Amino acid sequence: MSGVVVTGCPRADLTDVDRLAGYGVATVHEAIGRAGYLGAHLRPILDGLRIGGTAVTVLCQPGDNLMIHVAVEQCRAGDLLVVTTTSPSTDGMFGELLATAVQARGVRGLVIDAGVRDVADLRRMRFPVWSRAISAQGTVKATAGAVNVPVVIGGQVVRPGDAVLADDDGVVCVARGQIEAALEASAARAAGEVEGRAAFAAGQLSLDRYDLRPRLTELGIRYVGAEDAGRDEGAGG
Amino acid sequence: MSGVVVTGCPRADLTDVDRLAGYGVATVHEAIGRAGYLGAHLRPILDGLRIGGTAVTVLCQPGDNLMIHVAVEQCRAGDLLVVTTTSPSTDGMFGELLATAVQARGVRGLVIDAGVRDVADLRRMRFPVWSRAISAQGTVKATAGAVNVPVVIGGQVVRPGDAVLADDDGVVCVARGQIEAALEASAARAAGEVEGRAAFAAGQLSLDRYDLRPRLTELGIRYVGAEDAGRDEGAGG
Amino acid sequence: MSGVVVTGCPRADLTDVDRLAGYGVATVHEAIGRAGYLGAHLRPILDGLRIGGTAVTVLCQPGDNLMIHVAVEQCRAGDLLVVTTTSPSTDGMFGELLATAVQARGVRGLVIDAGVRDVADLRRMRFPVWSRAISAQGTVKATAGAVNVPVVIGGQVVRPGDAVLADDDGVVCVARGQIEAALEASAARAAGEVEGRAAFAAGQLSLDRYDLRPRLTELGIRYVGAEDAGRDEGAGG
Amino acid sequence: MSGVVVTGCPRADLTDVDRLAGYGVATVHEAIGRAGYLGAHLRPILDGLRIGGTAVTVLCQPGDNLMIHVAVEQCRAGDLLVVTTTSPSTDGMFGELLATAVQARGVRGLVIDAGVRDVADLRRMRFPVWSRAISAQGTVKATAGAVNVPVVIGGQVVRPGDAVLADDDGVVCVARGQIEAALEASAARAAGEVEGRAAFAAGQLSLDRYDLRPRLTELGIRYVGAEDAGRDEGAGG
Amino acid sequence: MSGVVVTGCPRADLTDVDRLAGYGVATVHEAIGRAGYLGAHLRPILDGLRIGGTAVTVLCQPGDNLMIHVAVEQCRAGDLLVVTTTSPSTDGMFGELLATAVQARGVRGLVIDAGVRDVADLRRMRFPVWSRAISAQGTVKATAGAVNVPVVIGGQVVRPGDAVLADDDGVVCVARGQIEAALEASAARAAGEVEGRAAFAAGQLSLDRYDLRPRLTELGIRYVGAEDAGRDEGAGG
Amino acid sequence: MSGVVVTGCPRADLTDVDRLAGYGVATVHEAIGRAGYLGAHLRPILDGLRIGGTAVTVLCQPGDNLMIHVAVEQCRAGDLLVVTTTSPSTDGMFGELLATAVQARGVRGLVIDAGVRDVADLRRMRFPVWSRAISAQGTVKATAGAVNVPVVIGGQVVRPGDAVLADDDGVVCVARGQIEAALEASAARAAGEVEGRAAFAAGQLSLDRYDLRPRLTELGIRYVGAEDAGRDEGAGG
């Protein structure tokens, strides 16, 4: 699919995306069945952010950011750029000038499975970025790639128009057709978490709250006093 | 040793642990003979913390946090959870609800050779964590492991009740039976550092302070003027 | 070249180094032809710093910081210590006492392709460090290495007296003989960036500003409407 | 999609798959537009194999091979097992007994983004395996996963029934609907390679054969005699 | 414990060690409760070996093989050298001359969590080695370490005199006091494998042989025909 | 230095290079002061090779092998291609057709800090390759780089015309001007190894042969009987 720019992609509804983002990445990821997480290697350049947007996807040759320049034209308010490369790279493919350009179009942030640079400027602009690396290493603008085709990051497919949510825990993608279900499941999960939080703060054990003790019996877990545990057992780990 | 929960483990004396923590991880690690350091891959989620506690150890299957839930019941005030997995994992095995539960029991923090999540919440709660990764990736509660058996992190054995100290430099473990010796050696070392700091600030060279010049001679180190050093030597490194 | 300490090395002019540092690492790296970047693995211990200095280079055995002690004596105001090891290491080879010693001599900071420790103290002192790791793991003072010989970090040669610049994007080295050219090229590039920034903020596309559309045609890039793009294409990435 | 076993999946035509495998992984990967390669981390346990088959996909919890046992029943002659885990693992999830079981059903081999064991036996049986690791570390049979759902390895989607080809260069996946096109493109490419091989053996330069010299001019590449190239240039890389 | 050489360590009985080695690493590792495996990063330099021996343990500073030289004197017939370093290293710490020396004393092989060199010679001598790396990088003989103290590799403790077994699947350690139990459990497991192998070759499913179908029901695993499975589900993995 | 092809580079004398190669990589690396080793990550695609040649160096953009095609024209009999990229890559940049082309010109082999492909063919041709990876992932021919400029691999500078030697232990580079010295030092070292080998085979200890016992005393190494060593010491490593 190299050499293609798909235009006019339908987007997830922004109001829905924003409501979903409010639940946080970990809660949404659990609510949709422990799915869609893009991996622990994507870290934010600023702490304390929590954003959502609709994906404009970009597939680049490593060391070449031509297709990001192409993608800018396809962005509109509420979008979030999602960039990956055809083989692994940490080069700094995106910096302050590109951030200025996309911010002017209402783009909410960047998720990139490669490097960014000018991070001091990006932090000053409070432009949200989740990346695999920070690197001053520059790139060329020479090779074809694709815009708005499905891409894969951390083993998860991101399609143009999907909801992409990001906070201090990383990035999760929710397929456009599953947002309503995700909203319901997240609301239910968040409600349960409110109650659980109160119970745990009051001293209830999760062993009891989640009724895990029968499972322990089933697994044959034995409780042994320290005085009987023996001193010479090897170390596991 | 899978399937065992050891109860009623003796702990190191908390007053001693707190005094030891005050010296800092690097100083204690040096004082006990450059030992007990759990590795550079464990990083804090907050800067500027310095804590100590008595280890409650947890051995989990990767992708499964059942035994952390089991461990909560074994925790008391002054403890510090030390969690590892039977093979490497970065999954987010611990989050805000578990932190709420253990904070209610007086647990001082978490050292985990795997991932944590809900880090925005954990930072808000100022709950101290040193981990290998931050990851929203969720886990199951399905498989037996062990609580309060010796575990190994970064090639170091941590036994239940041992003193575990952590700050911006990482985590060090001091065996329960060696704390007194560690306190003495750390005090001596810290005293030496006070004097050294003053001397270095005043311009003394460590070559002289540590009497290293005879060692340089012994090693055959030569001083050569730049004009004689030649321009065309290959690069080392 | 082990066992050599080169003395009296000529340094790049400090006024020039400071002017160059002002342009930032990414801009200078681009201006000198996308060269001299020491790699994305070197990260600062403090955000928001931007410094430059003249290199005093140190080559150590892993786990042994003897030659850093030797190097201190060779440092003068405006220098920046650049340390590497003969094989990879993350041990904490440099801490607060050494920082105190070199700060007393006017050294501006440390670039180390290994670990540092006492980072809480180093941050308090605002001593600038770029390192591969933070680690309390201590080192010995036993083995010969070299001071002020060419060293290699991230595949780049750093020679004593070269200009070394560092900020949030990492570290770049500019050879002593190329600083004038680097200043000119950086000034030109920075001027262009000022205009570009204004144009992008006003909504101009980089496709147009850099005249990239003919290149897209040449590469055979096709624009396809989403309705024609097909739903079942495999995922790239 | 955890907890699902999809039965009766349509498969790519085996005659086509075998013809495609004959071209080799690198040629097919190039012919389909440099796509479908599962990554350099998957290595064969035997050299000199070249096989193809239709994918039966398996998604497991790390450290748990229950779903491979479930998948065996879904296999038939000509299939190739394609196994991945929900988060990274090197555990030995597959050994001689499972190989005996699937060989009895006509399965042609295994591609696993995790570990295998009993490799001495597997080599004796000449059972083809491409894996991320060799590891004796055993696994449990405790947790739900999925069989014959789309899985992702090395950023590429593998769907049940797709053609999977493997040789000493690694593994490539061709979607069921694209095999005819892949056969045509591979045949064309292989024909070109025959001619190219003869020409290169006879001394023709690829610069001339592929008409690359105008591109060099366009890129501004200069030829400089060694005597003019200067001795003191810094090292790139 | 640096600076200590423990002499006259009791060894596991060699006849027992040899019988245990005969079962293979994977079988013994399973039989002793999925324990003792030293990790997938240790690979043999020759295929098809299967050996066992009694551990002589060595703890070295990275880049320094002094303590291996010290250890040679402590070796006797039937021993196996087990070497690790105080922090990670891939340097070539052991080569043909050391192999000649230990072979003259009846040492059966080497397990090293670092690098080896002269591998062409070692292969010619058929000297068995499992290592983390092959590297010509030489080392010094300068720093104290320890011989015959407990060491940790891959999170497993190896004590002097323990049985260490190695084959194409890697290396496993069995504590001296657990060898009798390991022999019994391995014999039972191997017997079961013989029967299982025959049953699987004859076409029995492991789902039936291990009675896993009730577990599938319990886990809620559903079987769905491909025609009902939907075409548009996202990719897991 | 991008965009430059240096022609007519002087080469090391081939007779000398061949004599040097005969000593083996590890011996030469030691003889020249433990220098010039290109790193443990470069592995041969065939065991048992030992070759030397004169370097033709190539610097490529990752994912782009244009400059290898340019380099072919600069090769002559006795040369060895040494290829690296401006940032890390494992893509398969070199395959059977390029091997055919360079073999026709008398090139002896390839050292590449990236990937190769068509390895089954390369093995059949017995074309020697040392690489970082084996990967079918293809590359483009689009971007400028350089030929016959100094490059850096594994922290070592390789200059055009330098002697590059490779065997099962990896790759070492000897600067053109240092070959005579390297020959002398290697001969001396090899002679010493012959005597050492005989002595060690006859049972002499290296502790005695290298006179290491005084060093042990100096380091304070203590010998302790196992019965006095205590059973409960923590595990190092």
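As written, the chain order gives the labels A, B, C, D, E and F, with residue 1 at the start of each chain.
One rule holds in what follows: a residue touches a chain if its C-beta (ideal position, glycine included) is under 8 Å from a C-beta of that chain, and two chains touch if they have at least 3 such contacts.
Fair warning: this is a prediction, and the values are worked out from it, not measured in the lab.
Among the pairs D-F and B-D, the greater number of C-beta contacts is found at D-F. Two copies of one sequence, subunit D and subunit E, touch each other mainly through non-matching residues, since under half of the numbers at the interface are common to both.
By residue number, more than half of the contact pairs of A-C reappear in one of the listed pairs C-E, B-C or B-E, namely B-C. Annotation: 29 Å between the Cα-based centres of subunit E and subunit F.
Subunit A and subunit F have Cα centroids separated by 41 Å.
Listed for subunit D are residues 1-2, 34-35, 84, 86, 90, 137, 142-143, 152-153, 155-157, 232, 234-237, each touching two or more other chains. Looking at the complex, you find that subunit D touches subunit A at residues 1-2, 33-35, 84, 86, 152-153, 155-157.
Put simply, subunit A touches subunit C in their complex at residues 1-10, 59, 66, 69-70, 72-73, 84-86, 90, 92, 95-98, 100-101, 103-105, 113, 115, 117-120, 123, 133-138, 141-144, 146, 148-153, 157, 160. Note for the complex: subunit D touches subunit B at residues 61-64, 86-91, 137, 140, 142-143, 231-232, 235. Against subunit A, the residues of subunit C that register as touching in their complex are 24-26, 29-30, 34, 37, 39-40, 43, 47-48, 50, 167-170, 172, 193, 196-197, 200-207, 210, 212, 215-216, 219-227, 229, 233-237.
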